[in-house]
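Worksheet for the structure shown next.
Chain naming follows the written order as A, B, C and D, and within any one chain the residues start at number 1.
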C-alpha cells in the first residue's frame, strides 16, 4: 500500500563517506557516530556487545548486570515464525522510567539483535522485525529505574533466517 | 507429506543403488564404458525433455557424471550416469502415466 | 534514487506514533552467495529520530535485524506539522537522512 | 457438489502402481466423458474450497495462507502496516510513468492507460491464438516500442506488475474464456498442467494447493489454489525480495525437484489462464507478501 508517502515532503541526503573513513573504521581507529546531536547522549553504539556469541555475556557487556524476569513486560512474538528471515516482535511494558529496551536471540550467531535507547518522553513500546536462525527463546530486556528486567518467549523457526 | 516425499526418494534411491551394484560386477571401467552409459542417460533425459518433464536430480547426476569423467574417474562417472538414466526413465514413466492419471486429482462439477 | 527512508508519523493528541521502513540489505555476513562466498556484513548500526534537534529514539542494530528493516515506536511532546528528522549510518560508512512532517 | 477424482485426499505412491492407476483411470474416464463446461468447472472449483474452509469468506481466499492460519495472519497483518513491497511498488510506479526512447509509454499499450486493468489478464488473443499474460503484454509493449524485453523473473517486471496490480486492488478477477476452440484448448492445457504430477517428489500443483492447503510443508502453510494468483506479484521473505508469477511457477517446479520450464512458456501461460479463470470473482489483492 502506498499510503502516506506523498504526504511527506522529503528532504533527502544520501552520503557515502570517503574510502579513507571506511578504512579507519575497519582498523577501529575511529568509531562511527550517528547524527551529531547524539553526542549529547551518554551511550555509544555498543560494538562489543553486538559481537557476542553468548546471551549472558552480551547482557553483561551491555548493562553490567543480570536481568530478573518481570510480568510487567509484554513480549509479543509468533509461535511459529512464517520465515526466520522476518519475525515480527514487539514489546511493551508498564514498568516506569524505562531508559532502554533490547532484544537478544540466544541461538543467533550474534546474540544481540537490537538495542533501543528510550529518552524521557518516549514510550516503552516497540515493534520491529528480526532474523532468527532457529527455534529459540527470544529475550526482551527492559532497563527501568536503573534495574534490568526481562521477558522470554519461544518462537519455533523451521525456515532459518540467519541473515537471509 | 514429508513422509511421502521420503518414501518416494527412498524408492528412487533404491533403484539407483541397484544400478550402482550392477556396475561393481565389472572390473575397471573405461572411457568407452562411460560414454556408452552417458549416452544412454542423455538419450533418456532428452526424451524426458520432449515430454517437458525433466527432473532436477537427473540433471545433477548427469553433471556429476561429466565432472567425474573429466577427472578420469570412470567408475564414479558410470555410476552417476546410470543413476541419471534410472532417474530419467522414472521421469518418463511419470510423464507417460500422468497423460491420463492427472484426471484422478481433478475437481469436477 | 529515491530516499531509502519511509516514515509514517501520526500525532494523536500528545502522542506521536512513528513507523519506519528503510531500504537496506542488512547482510549478516553469515550467508553465502551463489558462488559459495560469504556476503560481507553490511547493516545499519545506528538509526536516530530527532524532534526539535533532540533525539527521541535511537536504535542500535546488529546483524539480526531483518532486511529492509522496520521499527515502530511512539513519543510525546510533538504536534501535527512538526518536523521529524530520521538518519541512519551503517557499518560500511553509508548513511542517509530525511526529514518528515508529522501528520 | 464438487468432487475430487481419487477417493479421499491422501497422496499416493500409488501412481506408481500400474494396475491400480489403470483401474482408476478406467473409472474416471467414464466419468468425464461428455461435455464439460468450464464455467461449471470453475464453480465446482470454488465450491470445493468453500466447503473445505467453511469459515473463510470468499474474498479472503485472495490472501492465500493468511486466510487459513491465525498465527500467520497476525504476522502478516503486522507486516502490512508497512509492507516490504512498498519500495518495489514505488519503483514500479516510476518505471510505468517513464517514457520509452520513442516517447511512448507503457500506458499507450493498454486500455484505460493500464490503470485498473490487471484483473482482465491473462487474455486470449485471437490474432495470435495464444494466451497473453500481463507480464507478456508488458514485454510485447516494450519490444513494439523498440525497447529490449526485460527478465520475467527479475525485480523490474515484479515492480511493474506490482504497480499495475495495486491500481486494480479490490477489482474481481474477470478473465474471459471466449468461444474459440483455441482458447478452450489453452484452458484445458492449463488445467492438465495444474493436475499433472511432476518432479522427483511426484507432486502436482494440486497436491499442495488443492489437497493440502492450510497444511504445513516445512514451515510454510500451503496456500489454496483458489485465489492464489490474486496477490501476485509477491514479496517473499524466502526470496528477500519481489517476484513475479513466472518466478513463483519456476520456484514451485524446483521445489518438487522438477526442471522448471522457460518463463512465459506456453504451459505456464496456460496454467495462469486456468488458475485466473477459476478465481474469477475474487478480488485482486496484489502486490502481496508471503513467507
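Basically, contacts are C-beta pairs under 8 Å (C-beta built on N, C-alpha and C of every residue); 3 or more make two chains touch, one makes a residue touch a chain.
Predicted model only: the values in this text are computed from it and were never measured.
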| item | value |
| --- | --- |
| Chain of greatest Cα-centre distance to subunit D | A |
| Chain-chain pair with the highest tally of contacting C-beta pairs | A-C |
| Distance between the centres, which are taken as Cα means, of subunit C and subunit B, whole angstrom | 51 |
| Centre-of-Cα separation between subunit D and subunit A, whole angstrom | 38 |
| Mean-CA-position distance for subunit D and subunit B (Å) | 31 |
| Where subunit A and subunit B are represented by their mean Cα positions, the distance between them in whole Å | 49 |
| Set of subunit C residues in contact with two or more other chains | 2, 6, 8, 67, 70, 72 |
| Residues of subunit B touching at least two other chains | none |
| Multi-chain contact residues (two or more partners), subunit D | 79, 84, 86, 90, 240 |
| Interchain contacts, given as pairs of chains that touch | A-C, A-D, B-D, C-D |
| Of subunit B, residues touching subunit D in the complex | 1-2, 4-5, 7-9, 11-12, 52-59, 87, 90-91, 93-95, 97-98, 100-109 |
| Of all residues in subunit D, those that touch subunit A in their complex | 71-72, 74-76, 78-80, 83-84, 86, 89-90, 93, 166, 218-221, 237-238, 240, 291 |
| In the complex, subunit C residues that touch subunit D | 2, 6, 8, 19-21, 23, 67-68, 70, 72 |
| In the complex with subunit C, residue positions of subunit A that touch it | 3-5, 7-17, 21-22, 25, 32-35, 37-38, 40-41, 43, 45-46, 50, 85-87, 90, 105, 108-110, 112-119, 121-123, 125-132, 161-164 |
| Touching residues (chain side subunit C, partner subunit A) in the complex | 1-4, 6-8, 15, 26-31, 45-48, 50, 53-67, 69-77, 85, 87-89, 91-101, 103 |
